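What follows is a pair of complexes built around chain A, which joins chain B in one and chain C in the other.
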Partner chain A sequence: MERTIVIDPVTRIEGHGRVSIFLDENGDVCDARLHVTQFRGFEKLCEGRPYYEMPSLTQRICGICPIIHSIASAKACDQILGVRVPDPAVKLRRLINCAQIIQSHAVSFFHLSLPDLILGMDYDRTKRNLFGVVERYPSIARDGIRLRSIGQETIKALAGKRIHPAWVVPGGVNEPLDSEDIDQVMSPLPEAMTIVRRTLDWFKNSLEEHREEIRFFANFPSMFMGLVNDLGNLEFIDGKLRLIDYKGDIVADSVQPERYADYIGESVKPWSYLKAPYYKPLGPEEGMYRVGPAARLNIVDGCGTPLADQEWAEFRSLGRGPALSSFYNHYARLIEILYAVETMEMLLNDPDIRSPHVRAVAQPNYEEGIGVVEAPRGTLVHHYKVDEHGLVTWANLIVATGNNELAMNRGIMQTAKRFLNGKDISEGMLNRVEAVIRAFDPCLSCSTHQVGETITSIRLLGPDGEVLSEAGPS
Partner chain B sequence: MTDRDYFKGKPRTDVNPVRILTFKIDGRDVTAREDETILTVARQNGIFIPTLCHLDGLSERGACRLCMVEVKGSDKLFPACVTLPRQDMEVMTDSPRLNEYRKKILELLFSERNHVCSVCVSNGHCELQDLAVTLGMSHVRYEYLYPRHTIDASHDRFSVDHNRCVLCLRCIRVCDEVEGAHTWDVMGRGILCKVITDLNQPWGTSETCTGCGKCVHVCPTGALSEKGKSVSEMSKRRQFLPYLEMMRRESRK
Partner chain C sequence: MNHTRVATVWLDGCSGCHMSLLDLDERVLDLADRIELVYSPLVDSKEFPEDVSITLVEGAVSTSDDAEKIRLIRERTTLLVSLGDCAVTANIPAMRNRFSVEAVLERAYVHNAAIGGQVPGIEVPRLLKRSRPVHEFVDVDRFLPGCPPPPEAIFNLMSELLDGRPTGSSIITRFGA
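Presenting the complex of A and B:
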């Protein structure tokens, strides 16, 4: 008899979703789907609003990575104005983004995924959370909470508040830094460095314990996409797109971000509010690619900062080509935090960072603008069209998590096939399905711009639609 | 600048005597000229009465009703901005009843249009927002109407977002009384009422607008703003108004 398993809600991710796993007559997994169950409609509600409201409006998409939304949006607006953003402002945007990388990756690694990684996939589910980690490994939990707090406090020092600040504006940023701000941002960096290096050492040593997860957590060939700078190094804000195949060969390079639509198409799945982008030349079925921390480290030729470069070299020596298992996202996240801390130190020592010239002012001169950046979870596109008065007439947002939609479905299926059989389903098995989703660190509320209550779950369904098993908060 | 300065241009009392009377506000003995409103006297004495449509330098409208006060011996409420005191009157500016009415008025204002502070250019510099905080408005008990309103961004430098308009009509008064252009006016009644430029045409096509920007700076919310300002960046300068009036009177002497 065919059946379906539903995990509903999927927990410890950002946003709300449900997983259905379909079993065939023999009780073997034959299909799996991630449903993003809610709809927000941000693209629609941008219409009619002035372009200069966009950075603040669109950053409401997310409470975890609002900064990068505001930067993507401001970049699109820069193009509408037709201005060259002053160099100090570019550096300040980069600085605040580093703080966001630190805090966002810290949430994903420590708060959301660490319970699985350190307590074990089969650990008592009532304690398999951050509080459980605090109980058993207080110093590691403290590191995670501290690291996130450093990121958040840095954002506050730079932009005035931790969540949804209005500092990044079309044309630059709206206020220069003073010495006090700089000291405030500088002072916790050594501590952040110590924490991230300690965590990296510990995590690398523990990789061996996760051999099964590495083998089956979305470990398959796919393309990878992200931004790189002119040197081919890691770049979050002002890069060009690069796509590589599963062997590591470059498929497309130095793609001007404005041409994203030549390379990326978006397909709609009837079972999810999340659109599924794909590599256009290969079509919606074959064009699967992955974005995010591991994808970025796969495509770049280096990070561009000394310590992160060393770690990157070690990361790349994991296999012969790109790291194919999405489990390695956890590892990559830590390396990116290291990169962010190093980059912040470098930027803070740059005299430009104190410059009062942080904003270019203009009227809207062009009717279209595209901003492409690397969000913590992957490539993010903001694309607006405006009328002659600067009111938005059309908006398209491709949010990082969406890029991974196809790969997440495939990863869920792979994990389910390995760890599930229809006869006897334990909670720990289902948790592995959730954990593969967590490895992608999807922000479902971002990707669909959803509103509504929190429901993320996994469900096991029979061929007749009968719900056989359900996991999620009860 | 106090309201007393504002009346400096009026005839001097020693040649054209105005009666001085005494009355009470919140139990305090106060003195007033007979042509001063309760609001003016309260402000002179540092007694807070919330206002929204009132602005020093503009004629009174008595429209927003937030300055309602109680008078001993009467069940009726009186708008302090247009009510003159009488000898021995006892005025109460604060009571649970008044506070409840004031909150209701605010809640109705919020529910009537689409006030979204988080993405508003005036966030942090908004009189409506400040009033909500001051009066302790924590919830809106009425259903939001979510009307569909547009933005007119056709003017070179300014835009009007009707979603954020509270119909205080300060823009109309300042344009008419101070600038003398009378570009702004209202059309429609009740819930359909809205401010318009000239004959309800795009602001950018207005032939009477001098582009002085006074309306933008007297607007209590983010309804009128300078284009290109990002969220929270639209702080307004309203101090110019009484000075402007004074300077004009001085130059006429």
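Presenting the complex of A and C:
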């Protein structure tokens, strides 16, 4: 008899989703789906609004990574104005984005995934959370809280507010830094460096304990995509697109971000509000690619900062080609935090960072603008068209998480096949299915998002939808 | 010590209000000493429990499921707080209200799709005609505006509710803060 296991809602992810796992008559997993079930409508609600409102408006797509949305949006607006953003402003955008990387990666690693990684997949579910980690491993939990706080405090020092500030604007940023701001941003960096290096050492030593997860958490061949700079190094807010295949061979390189639509198509699944992008030349079946921290470290030729480069080399020696297991996203996130701290130190010592020339001013001169950046979770596209008054007439957004839609579904299926059998469902088994989703750090609030469709637990459904058994609530 | 049972939920919002809660930084741990977080995106409970003393709600009510969920939450909660402008006024989600639901869905899933353009209709909740604030569906006991409300305001409100004496949370936040 065919049956369905439903996990609803998936917890400890940024946003809400539900998973269906389909079992065939032998009780073996035959299919799995992630349903993202809330829809926010930004592509339509932008319509009629002035272009200069877009960075502030669209950053409210996501409270975890608002900064990178404001940068993608401002870049699209830069094109609508037709201005070259002053170099100091580019550096300031880069600086605030580094703070965002620290903050966002810290939430994913410490607040959301660490409970699985350190307490174990089968730990008491009422304590398998940050507060449970605080009880058992207070210093590691405090490190995470502190690291996130350093990222957020930096954003506040630069932009005036921790969440949804209005500093990044079309043409640059709206205020230069003074010496006090710079001191304030500089002073916690050594502490951030100590924390991230300590965490990296600990995590690398614990990799051995996660052999099973590494083997089965979305470990399969796929393409990888991200931005790289002119040297082929890690790049978040400028740069060109690169795609590699699972062996590490370059499929497309130096792709001007404005040509994204020639390479990425979006398909729609009737059971999810999350669209599924694919590599256009190969079509929606074959064209699966992954984005995000591990994908970025897979595609680049280096990070471009000394300590992160060392860690990157070690990361790349994990296997012969690209790191194929999405479990390694956790590892890659720590390396990117290290890169962000080093980059901030470098930028703060650059005289440009004190320059008063931080904004180019113009009227709208073009009808279309495209901003492509690397959000913490991967490649993010903002694409607007405006009328002669600069009012938005059309918008398309490809959010980072969407790019991983196909791979997340494959990953859920792989993990389910390994850890589940139709006879008895244990809570810990299902937590592994959720944990593979956490490795992708999907931001379903970006993509759209929802609260569990019905407030429920883990259900086993028969072919007609009748509940055969329930497990695990309370 | 007796721990107060607290829940946080997330309807149609951006998670920024939850992030502002985390922006309490180390003070989150002080709070954690006094409360038991029985349901939240940050913990692993699947079902909204009975007998919750305080529930903080982020986001507007935008789908049939949001509506169903908030009613159940109200039934099981003593003190319901609308946390942030989306819960208080419907804020950003309400910006879609000037278009029809069909127009909003078609833009995303038909016009902006390269292939298979269709509006998702299987196993996804139905969008309400308009996105609306929480108090249009259920009684709300406290409103904390801000986009998001600053962490100090959340901390003061929580201390106020836990200690039962006013601390002036409303002075440090306002609409659009």
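Here, the second predicted complex is superposed on the first by the 451 of 474 C-alpha atoms of A that agree within 3 Å, B and C clash if a C-alpha of one lies under 4 Å from a C-alpha of the other, contacts with A are read in each partner's own complex, and residues count from 1 in each chain.
One rule holds for everything that comes next: a residue touches a chain if its C-beta (ideal position, glycine included) is under 8 Å from a C-beta of that chain, and two chains touch if they have at least 3 such contacts.
Treat the numbers as computed from the prediction; the structure is a model and nothing was measured.
J.: If you stack the two complexes on chain A, which partner ends up touching A:S179: first (chain B), second (chain C), both, or neither?
T.: So A:S179 meets neither chain B nor chain C here.
J.: Once the structures are superposed on A, label A:N205 by its partner contacts, choosing first (chain B), second (chain C), both or neither.
T.: So A:N205 meets neither chain B nor chain C here.
J.: One more residue to check, A:H389. First (chain B), second (chain C), both or neither?
T.: A:H389: touches chain B, not chain C.
J.: For A:E43, select first, second, both or neither according to whether it touches chain B, chain C, the two together, or no partner.
T.: second
J.: On the A-aligned overlay, A:L57 touches which partner chain: chain B = first, chain C = second, or both, or neither?
T.: both
J.: Applying the document's definition of touch, where does A:H35 land relative to chain B and chain C: first, second, both, or neither?
T.: After superposing on A, A:H35 lies in contact with chain C but is clear of chain B.
J.: Pick one for A:H164: touches chain B only (first), chain C only (second), both, or neither.
T.: both
J.: Once the two complexes are aligned on chain A, which partner has more residues of chain A within touching range, chain B or chain C?
T.: Residues of chain A touched, chain B against chain C: more for C.
J.: Let me test your reading of the model: by the given contact rule, A:S139 touches which partner, first (chain B), second (chain C), both or neither?
T.: After superposing on A, A:S139 lies clear of both chain B and chain C.
J.: Jot down the residues of chain A that show up as touching in both complexes, chain B in one and chain C in the other.
T.: After superposing on chain A, chain A residues 57, 60, 164 contact both chain B and chain C.
J.: Would you mind writing out the residues of chain A in touch with chain C in their complex?
T.: Residue positions touching the partner: 7-9, 11-16, 18, 20, 35, 37-41, 43-45, 47, 57, 60-64, 66, 107, 111-112, 125-126, 128-131, 134, 142, 145-146, 148-149, 152, 162-164, 261, 265-273, 275, 280, 284, 396, 431, 445, 449-458, 472-474.
J.: State the interface residues of chain C toward chain A in the complex, per the touch definition above.
T.: Listed in rising order, the residues are 9-20, 22-23, 25-26, 28-29, 32, 37, 41-49, 62-63, 65-66, 68-69, 72, 92-93, 95-96, 99, 103-105, 107-109, 112-118, 120-125, 127, 147-148, 151.
J.: Report the residues of chain B in contact with chain A in the complex, numbered from low to high.
T.: The contact residues of chain B facing chain A are 118-119, 121, 123, 150-151, 153-154, 156, 159, 204, 227-233.
J.: What residues on chain A touch chain B, complex-wise?
T.: 48-50, 52-53, 55-57, 60, 164, 166, 169-170, 174, 361, 363, 389-391
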